[in-house]
Amino acid sequence: MNELEQIASSLGLPETWEERNGSWWMAPASLDVRVMAAVLRSHEARFVTLTAMQLLPDERIRIDYHWDLDGRLLTFTTFAVENRVPSIVDLCEAADWVERETHENFSVEFTGRPYEPLLLRTGDASGLQLRKERS
Amino acid sequence: MNVWALLMDNLRRGTVTLRFPSRPPTCNRYRGLVQINTEPCKCCGICALVCTSAAITMKKGDGKYEWNYDAGQCTFCGRCVDSCALKLLTMDSTPPPAYETSGALKQSHTWSAKSVAAKPASAPNTTSTEGKVSEEVPR
Amino acid sequence: MNLTIAFFRLLLFPGLLFAVPAAWFFLWTERKTVALMQRRIGPPFLQPFFDFMKLMGKRVPRQPGITGALMSAWPVFAVAASIGALSLLPIFPLRNGFPGDLILLLALLELPSFFYIAAGFTSRSLFGEIGSAREAVLSISYNVVFLIAVIAIAVSQHTFRLEELAQSSGSLLRWIGILAILVCIPAKLHLNPFSVANAEQEIYAGPMTEYAGAGLALWDLSHGLEWVAMTGLVASLALPRTSHWWLDIGVFLIFSLSVVLLLSGLAAATARLTIDYSARLYWRLGLIVAVLAVSTALLARLKL
Amino acid sequence: MNLWRRLLCLCRRRSPWLFHMNAGSCNGCDIELVACLTPRYDVEQLGIQIQGSPRHADILCISGPVTHYTLNAIRTVYGQVYEPKAVVAIGSCPASTNVFIGSPVVEGPLEKHIPVDVYVPGCPPRPDALIEGIAKAAKILSDRRRKQAERKPGQ
Amino acid sequence: MSYRVPIGPYHPALEEPYKLDLVCEGETVRDADLHIGFNFRGIEYLAERRNYAQLIALMERVCGICSNVHTLSICQAIERLAGIVPPERALYIRVVMAELERLHSHILWAGIAGKVMGFKTMFMTSFELRENIMDALEAISGNRVNYAMNRVGGVNRDIEDPAALLHMIDGIELALNRSIIPIFTKNHTALSRCVGVGVLTNEQAHSLAVVGPTARASGISQDIRRAAPYAAYDRMSFDVPVETSGDVRARLVVRALEILESCKILRQALSTMPAADWWGSKKKLKVPAGTVVSRIEGPRGEVLYSVTADGASDTPKRVRVRTPTYANMPAIRTMLRGARLADAPLIQASIDPCYSCTDR
């Protein structure tokens, strides 16, 4: 378990890990996504996916980063500051597709990366919005 | 066993194909078309609530209950049969027949609310399927 | 070889009237054998005929891009070439062919694959071009073995007349030549280890992708006729000549059928090879057969 | 000429070639159609073959709830299959968008876009039900005139 | 000169529509780019408008081959959120259904790989063998493909006669060891199509974060059933086959060994299954607010479900589905670089793609 504390300390986060429903959650007040990606890649963690959700209309989009550290599922919860999140594509190649899909579903701006339409959504303006205002 | 031995073995064991008109038997748990025994039904609507593809729709109006079932819309998942409290829905154990005009397998039953209140839940009698079920499976 | 006999052979016995049903029969045998080897029932007996007639009945609209005059001519040429090759086979009727008819037979056997390649390019579909390029590479590689084997047999018998070839007694070199021809047949007929040109999974139907209706029917027919022509060539080279003509035909049919069964078994037992692997295989095989055949032929020639 | 017409109709019924199109299906129906080729059902006994290109096919088998991105592909392929042709809708999805009812990306039942001849209900239908549907479509196909008047969708 | 070969939406080698544009020079592929989205049905959009009973039937239709994977994962997620523990026998039945589905999915893949390789006989033999499993599945659940076995808090049906199932499993294992595995791994023509084709090295597999048999064939020993056991997997003893060469043959061998492992697990599950009640909780489902993540090991790899509920309405607020093919598909581009055009369909089939899973 010390590896988890190691990660939390190297990220300089005051919060502690919380084990809930079989996986480890961390909801830091402010989190530099790129530092998180670099630290976890150095720990040989595997990037599983990121979940974007918007529970109430015109509320900030919440993004959960899921990582798999040899069997344990770690989830970092962050919020997109005015729809803008730094991209981690150059650090972790596996995040490419899911960032493009989240951009199309929630029009969240992943800064610092090129965009081609991932899912064949050329017709629709910015894809099928899962945002609450749209539906 | 290499490929040639497999081929010779196949030739020796003969074919396993079913000649066209005959079909493999279905077990009694097979989930085919949904049938309803309308007599004791109190139109609680749980089957319409549980149906994920809106195949079953119920209407209650001025003493009349109406139960509509569209086989084209149905996904044969069996949730309605399991969730019916009075166990009035059953599923055919034979595969539904192919049909040519859309909506051919639609079923709709209307019965008056009074008949339900008067008669206790007697033995399920033969259901009157007014809906047009397409003709016998062509052989 | 006057005109009437030529027409008789072209239209009646080894030609049209016998060849087309034989082609359908061979196609049916191949599909049925493969099916039975996979524990399936397989198609009914008249299936190739049904396929042919149904395709004839299709209404193919005249689109300039797809059904140009040249494009619909290729299958007709292919069928004609195969029937021409068939009529030259030294089987039943008056058997005095002309000197050098073996060379004409080889030419007519090569024409269908040439038309196949041309059809791929004229159909202007990308998959047609890829299929034709593959067919060209494949025909270069298997023709080396095929032509050398036939020439070696001809040289060892000092004759290019099919008639004398059919009569002469078997020698070791003759059997090696026949074996080499048998090895080339799967590539020529697009059978499974070398069904690279019309690889359904990779490039749709290769050169025949754009064909539909009558064109496709004729291509299937020419494929069947190639079956009959190749097995006929092998049978006429390998079989001893008997006195009665009907015995000849019976032995010819039985031998061709056994060749078909053998090749269908090979088709069922192997996966499809890639184009470069099969080309390498034939070139390696080709060199051995070439050296062997030419050297024995020359030795035989020098000794006499 | 009646004999020629009857012969053509017989051959059309005995050699129906299929082209399968997946219009956004969950591949349950596609695998059941592939299972029809296999030894236990073996559609080749009816002369049925699954062809690689729509030009070679007579019957167009479509499965899936016609998603927005496969709609124009369906229309073009329907045009590429030459007359006389038939359309078989496999499973409940093309008949009525099945469980995906209400999704903005699903373009509704197939009959809104191309005329459908035979519906095979089921999610997924069993391979033997599929073969029965295709055999029915082959029978319909054989009665069609060679010069098919272009049928309007939904007829 | 290089030209673009579109292995287009509708191609005989593809079971489902997706576009693979190959940039080739002659017969070798230089680069490939993928276009997906043809099977996009907006399931995550629909999931927010279905109540918990309908949600499970909807999630079953995400993919036709691994339908049980999706229902099991969503049921486990909701059970963790609502704090419901299914009865012991229901956990065992879930393990049996999951392994039966892995059996038929892997044998299906062996058949499709044989078909794409041009090896029609192995396609027919594999599917003939698979029919036995489909009959067993239909006998248990009533439908060959969508079993509708899982329910929040338990299962819908019981497995009445495990003896017939055990007999079928012995038949499957015998046939596999006798004909399918030896032929696929020793036949020269099949080997020439599989060895050294579509190689994914260990580093590439790590950086692309591939999952399931594709990762295990490139030397990454990763299996959610052992790392984070769910249902009754912690009471099963099985080992995880790993190959290191990372080509199509390695994936074939890994899947073949996994089939044999599944048979082993099925025998253990069926023999030690407790004879308790399997229906589970009867009271109405009450889902509190919160977010839960549940992962299981599907035939193609790790499936992740993230369910968020707000505790008030009876429909979930957000259901996120991350399917294994979504992680494996970008790896196709690296495998295709430098491959032969003839091998492109086989390489994209070797990761056992399921596009309806990818597009949701």
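Going in written order, the chains are labelled A, B, C, D and E, and every chain counts its residues from 1.
In this text, contacts are C-beta pairs under 8 Å (C-beta built on N, C-alpha and C of every residue); 3 or more make two chains touch, one makes a residue touch a chain.
Every value quoted in this text rests on a predicted model; they were computed, and no experiment measured them.
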item: Smallest count of steps, each to a touching chain, taking chain B to chain C; value: 1
item: Chain pair with more C-beta contacts, B-D versus D-E; value: D-E
item: Chain of greatest Cα-centre distance to chain E; value: C
item: Remotest chain, chain D as reference, centres from CA atoms; value: A
item: Separation of chain C from chain E, taking each centre as the mean of its C-alpha atoms, in whole Å; value: 45
item: Gap in Å, rounded to a whole number, between the CA centres of chain D and chain C; value: 35
item: For chain A paired with chain C, centre-to-centre distance based on mean C-alpha positions, whole Å; value: 62
item: Residues within chain E bordering two or more other chains; value: 11-12, 37-38, 40, 42, 45, 57-58, 61, 121, 124-125, 128, 143, 146, 187
item: Contacts with 2+ other chains: residues of chain A; value: 120, 128
item: Contacts with two or more other chains, residues of chain C listed in rising order; value: 37-41, 200, 204, 268-270
item: Interfacial residue positions of chain B with respect to chain C in the complex; value: 3-4, 7, 10-11, 13-17, 19
item: Interface residues, chain E side, partner chain B - complex; value: 50-51, 53-55, 57-58, 60-61, 121, 125, 128, 135, 138-143, 146, 148, 156-157, 178-179, 182-183, 186-187
item: Chain D residues touching chain C - in the complex, by the definition given at the top; value: 7-8, 10-12, 14-15, 38-39, 42, 44-45, 47, 51-53, 55-56, 58, 82-84, 146-148
item: Touching residues (chain side chain B, partner chain E) in the complex; value: 1-3, 6-7, 9, 16, 24, 26-27, 29-31, 49-53, 75-79, 82-83, 91
item: Chain D-facing residues of chain E, complex; value: 9-12, 15-17, 37-43, 45-46, 49, 57-58, 61-65, 67, 108, 111-112, 123-124, 127-128, 130-131, 134, 143-146, 354-356
